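In the two assemblies presented below, subunit A is common to both, partnered first by subunit B and then by subunit C.
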Partner chain A sequence: MARKEYSFYPGCSSERLTSASNYMVSVEAMCKKLDVQLNEIPDWNCCGASIGYAEGGELPRHVMNARNLAISEQVNKGQDVVATCAACWLGARETKDRLAHDSDLLAETNEALREAGMNLQYKGEQEVRHMVEVLIEDLGYDELKKPVVKSLEGIKFAGYVGCQTNRPFGIVGESFENPKYLDKLVEIVGGEPVEKYDQKVTCCGGALAFSEPEKSQAQIKKIIESAYDHGAEMIVTPCPVCQMNVEVYQGQINKRYGTKFNMPVTYYSQLMAVAYGGSAKDAGLDGQIIRARKLEEIAAKGAR
Partner chain B sequence: MADVVATHETIVVVGGGISGMTAAVEAAETGKNVILLERAPSLGGRVSQLYKYFPKLCHPTCGMEINLRRLRGNKRIKVLTQAEVRKIEGHAGDYKLSVTLHPRYVNDNCTACGECGQAVSAEIPNPFDYGMSRMKAAYLPSLMAYPQRYVIDPSILGTADAEKAKAACKYGAIDLDMKPETITLSAGAVVWATGWRPYDAAKIQPYGYDRFANVITSVEFERLSDPRGPTAGRIVRPSDGKEAKNVAFIQCAGSRDRNHLKHCSRICCMASLKQTTYMREHFGDEAQSTIYYIDIRAIDRFEDFYQKVQADPAVRFLKSKVANITEDEATGDVILHGVDTEGYHRYDNRHDLCVLAVGMEPSVDVRSIADVRVDASGFIELGATDGGIFGAGCAANALDVNRSVQSATASVLRAVQVVNRVAKAEG
Partner chain C sequence: MGDINTAMAEQYRNDFLKEVEANVEDGQWVKMCMQCGVCSGSCPLGPAWEHPPQEIFMMIRAGRRDEVLKSESMWMCTSCYNCIVRCPRELPITHIMHGLANYAHRLGLAPKMNPTRRFAKKFWNNLAKTGRVNEIELSVGLYFMDGFKTGIARAWAMKDIGIGMLKAKRLNPFGFVTHKGCKDKKGIQRMLKKAREIEDRRKGFAA
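Our next item is the complex of A and B:
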C-alpha cells in the first residue's frame, strides 16, 4: 500500500490532449517517487471554473462540485479530496465552505443531486486540498527533498503563484502578498528562486485572456518582464491557467509590445519529476510550447 | 520584596505609562496607598517615545518630568518595574494579584554611571526606538528612565560580556544570580492601565511593511523625528539614508477595516497632521507631505490644528484608501496605487517614504488575567463584572494623551470609592 492515498480528480485542463495534460504526467511521476497514490473519482465532472461564476448561477455551481465530492465520499471513503488544478480546488473548496455554513443551500444541493437520480448525498465528510497543500502539510519539505537525485543547480526560477491558490483561502501560514512556498520548493530541488519577484501574485487575467486579450496580456507582460528583470530563466507555477496564459501568449505580446519574450513556464511538479530522476517525458516537458531546454538537459543527463 | 505592604485598602495600578502614572499619583494624593506595577524596566510607556504631543506640539519630557516629580515625592506610592501581573482573583475590596518580578540583574546600588554599558560588546535591538537602533546589552532604557538604573539583558547571561559588566561596576550593583520571583499582592481595587500597542503593520499585506524598507509606521516616524532618536532627528529613509522630503501618510492603516481593527483608533489623524509639521520643521518649503485618508477625524478643538495644516501648501490631502504599495527597486521609492475618490482618478504616486498611521490595540489580553468585560476590540468596558477593577487610558479605549489622563483620573475616583467602602466596613 502507498504511503498516502487521496481521492483525486484532474479537472478538464489536465485531461488527455488538453493544455495541462503534461501537468498531470509530471504529477504522476512525482507522486510515484513520493509513494503517494491518487484514486480518481469515477465519472467526475467540471468544477464550473470561471463560467460558473459568470453565468452559471450559484446553485448549479455548487451542485457540480458537490457531485464530485459526494461520489468521492461514496467511493474513496476516508480520503481527502485532492485537486491539482487551482480552479478545481478553489471551486470545490468554496462549495464545501458554503454548504457547511448554509443549511438551505445544502438542502437544495442535495435535492438537485437526488433529482439527478444517482442516489447521491453530499455530507461534507472529506477535506478539499490542493496538491501543493498535500505536499507541504502532509509530507513536508524534508520528505520532499529525500527523493532528489539530480540538482537543478544553475537555473533561476521566478515562482509565480497567481491568485487561485492564494486567495481567499491560501496555503496555511503563507502571506497573501508574498507567499514563499514555490521558492522553497525550488530550493529543495537545487534551483535558485528569485527572491524579490514582485509579480508573484499578479493576476494572469484568467479567462479574460479570451474575452479581453489586451488587458490580460498587459498583466502577463508584467509577470514575464519582472521575471527577466530579476534574472530568471524560467517561471514556475502551481496553476494550469497561469501556466497557459503566461506561456502561450508570449508571441502575441512580442508583436504587440515589441518585446522578445521566450521564457519557459513550468509546473512545480515538473521540476520535482526531473529532480527525482525522471526523463523529460516523465516530467511532461514534451508538452511545453516554449521548451524548457535547461530542464531537458538535466533530465537527459544519466536518464534511466 | 518584603518591603511591599499591601492591604485591602491598597490600590494597585497596573501599567506605568502616562495613564498609570497619573492614576498612581492621583490616588496617592487622595491619601491612598498605591502600588504601581510596570512590565518594562522603566516607567513612561509609549508617550515617552513620542517626539511631540498634539495639539500644542510640546515635548513629552515636560509632562513626564512633572509626573515623575509628583510620583517620587509621594511616599504612598511603591513602584515595581519588570513586574507582570499573571492573575487577579477575589472580589471588590479583596483582590489577590499574582505578580511575576523579572530580574534586572542590577540592584539599587546602581548610579547609572554607564561603566557596564561601556564594558559590554554585545548589542541588541533597542525597543525604545522600535528596533530602529541597536544598543548595548547593558543599558539604560531611555534618558528619562525611571528608575535611573541600568538593566542587563538576559541574552548575555553566562557569557563573558556578563562578567565584564559585573567587573566594570564599581558599586557592586550587578547581581547575575537574580532569579524571577512570584509575589502575591492584596488590593481593594485595581486600576488596569496597560495601554496599547501599534497594530502589527505586517498584517496589512498590500502595504508591504514586511517587504519594503521605506514603508514604516507612525510610531517609527516619531522616533525618526526625535533628536534623541536613532537618526538624531534626521528624517531619512531606512533603505539608503537619503532625506525623505516627499512622504506619504496612509490613514486608517489597520483601523476601520473589517480585515483588521474594526474600530477607529482616534489618534491617527491628529498624529499624521502633527507629523506633517515635523516635515515642515525639517525641510521648510521643500517638504512634501501627502495624507491619504478616508475622512479626517480631528474632533473638538483639534479642528483648529487641522485647518492650520490644511492651509500649509506643503501638505496635500488625497481622499483615498490606498489599494497597494509597490517598490521601485532601482531607487527604493515607494509607489502608492489607488483611486482618488474625489473625481475617481486612478493614481500611481511615487514617494520617498511611506508612513502607515497604524491603529491602536490593547497591549494585553486582560481576559486571561482578570474577570472583566471587554468590548469587541478588547478594550475594557466601563464597570468590571464585580466592580473593583477599572480600565484606564488606552486599556479602556483608543484615546489620545489628554483623554487618557482624564480616563485615569475617572478610574481612580471609582477605585477610591471602593477602598473607602472597605475601610468603613472594617471600621
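Our next item is the complex of A and C:
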C-alpha cells in the first residue's frame, strides 16, 4: 500500500491533449516517487471555474462541485480530496465552506443532486486540499527532499504563486502578500529562488486573457519583466491558468511592446519530477511551448 | 427578461440596497462597506473600472440602480481575490461583484457586447453540455462568435499560439468529435436544470 492515498480531482485542463496535460504528467511522476497514490474521483465534472459565475449563478456552481465531492464521499471513503488545479481547488473548497454554513443552500444542493445518477447525497465529510498543501503538510519539506537524486543547481527560478492558490484560502502559515512555500520547494530541489520577486502574487488576468487581452497582457508583461530583472532563467508556478497565460502570450506581448521575452514557465511538479530522476518526458517538459532547456539538460544527465 | 426587470424595479421601488440584499450573492454585506477604497487600490484592473468597487457599494446605497446594473465595471473582475483578503471589514467583495454581474446579466441589463460577459456565457454553456470543458470547441467558438470573417481574422491572429499548443500536445485538434465529457451527461444536465429552477424560485426569477 502506498504511504498516502487521496481522492483525486484532476479537472478539465488535466486531461490528455488539454492545456495543462503536462502538469498532470509531472504530477504522476512526482507522486510515484513520493509513494503517494491518487484515486481519481470517477466521472468527475468541471468545477465551473471562477468565470462560470456569470451564466452559472450560485446554486448551479455549488451543485457541480458538490457532485464531485459526493461521489468522492461514496467511492473514496475516508480520504481527503486533492486538486492540482488552483481553480478546481478554489471552487470545490468554496462550495464546501458555503454548504457547511448554510443549511438552506445545502438542502437545495442535495435536492438538485438527486437528479444526477449514482444516488448522490453531499454530506461534507471530506477535506478539500490543494496538492501543494498535501506535499507541505502531510509529507513536509524534509520528506520531499529525500528522493532528490539530481540537483537543479545553477538555475534561478522566479516563484510565481499567482492568485488562486494563494487567495482567498491560501496555504496555512503563509502570508497572502509574500508566500514562501514555492521558493522553499525550489530550494529543496537545489535551485535558486529569486528572493525579491516583486510580482510573485500579481494577477495574470485569469479568464480575462481571452476577453480583455490588452489589459491581461499588461499584467503578464509585469510578471515576466520582473523575473528577467531579477536574473531568473525560468518562472515556476502551481497554477495551470498562470502557467498558460504567462507562457503562451509572450509572442503577442513581444509584438505589442517590442520586448524580447522568451522565458520558460514550468510547474513545481516538473522541477520535482526532474530532481527525482525523471526523464524530460516524465516531467512533461515536451509539453512546454517555450522549452525549458536547462531542465531538459539536467533530466538527460545520469543520476549523481 | 425585460418584464422581470420591471417587476424587480417595482417590487423594490426606491430601495435598491434591499433588492441587492435579497437577490445578489453576498449582497447582505454591501452595507458594511466603510468606503476606505483598499479594494479599488488592490484591483489589478483597477484603472479599467468606470466605478471601482467601493464606488459601486455607495451607488447601491444611493439607489443608482440603472447605473450600477448597466455598468461594465463588475465585468472587469479577474477573480484574483486581492480585494477579499485586504478588505479591513472582510467583505467578500469578489463574490459580490460576481453576484452583481450575474444579476445584471439575468435581468438583461448587462452590456450586451461586453467581452467578458459573452465569454463567460460561452464557457458555462460549453461545460454544461458534457460536464467538462471542451477546450478546442470553446476557443474556436469564441473566435467565430461574430461571424465567419471576423472569426478567420481572430483565428489568424492566434495561429502561433494554436500551433504551439498543438505541437506541445496541449490542444486536441479532433476535440470536436473525440471529446467525451462525463458519462452521466444527462444526469448532470438534469441536475443543473433543477438547480437553476430552485435558484430562480428563490430569487424571484421564476415566471
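As a working rule, the second predicted complex is superposed on the first by the 299 of 304 C-alpha atoms of A that agree within 3 Å, B and C clash if a C-alpha of one lies under 4 Å from a C-alpha of the other, contacts with A are read in each partner's own complex, and residues count from 1 in each chain.
As a working rule, a contact is a pair of C-beta atoms (placed from the backbone, for glycine too) under 8 Å apart; a residue touches a chain by one contact, two chains touch by 3 or more.
Source: prediction; values computed, not measured.
In the superposed model, A:196 lies in contact with subunit B only, and not with subunit C. Set against each other, subunit B and subunit C touch different numbers of residues in subunit A, with C touching more. In the superposed model, A:52 lies in contact with subunit C only, and not with subunit B. When the two structures are aligned on the shared chain, A:12 is found in touch with subunit C, with no touch to subunit B.
In the overlay built on the shared chain, the residue A:178 is in contact with subunit B alone; subunit C does not reach it. In the superposition on chain A, A:21 makes contact with subunit C only, not with subunit B.
Taken together, the two complexes place residues 176 of subunit A in contact with subunit B and also with subunit C.
By the touch rule above, subunit C contacts subunit A in their complex via residues 25, 44-45, 48, 76, 78-82, 84-86, 94, 98-99, 101-102, 105-106, 115-121, 123-125, 127-128, 131-133, 135, 139, 142, 160-161, 164-165, 167-172, 175, 182-184, 187-188, 190-196, 198-199, 202.
Against subunit B, in their complex, subunit A makes its touches with residues 175-178, 196, 198.
Within the complex formed with subunit A, the residues of subunit B that make contact are 205-206, 208, 210-211, 324, 326-327, 329.
The touching residues of subunit A, when paired with subunit C in their complex, are 12-13, 15-22, 43-46, 48-60, 62-64, 67, 108-109, 111-113, 115-118, 163-164, 167-168, 170, 176, 202-203, 205-208, 210-212, 215-216, 219, 248-249, 251-252, 286-289.
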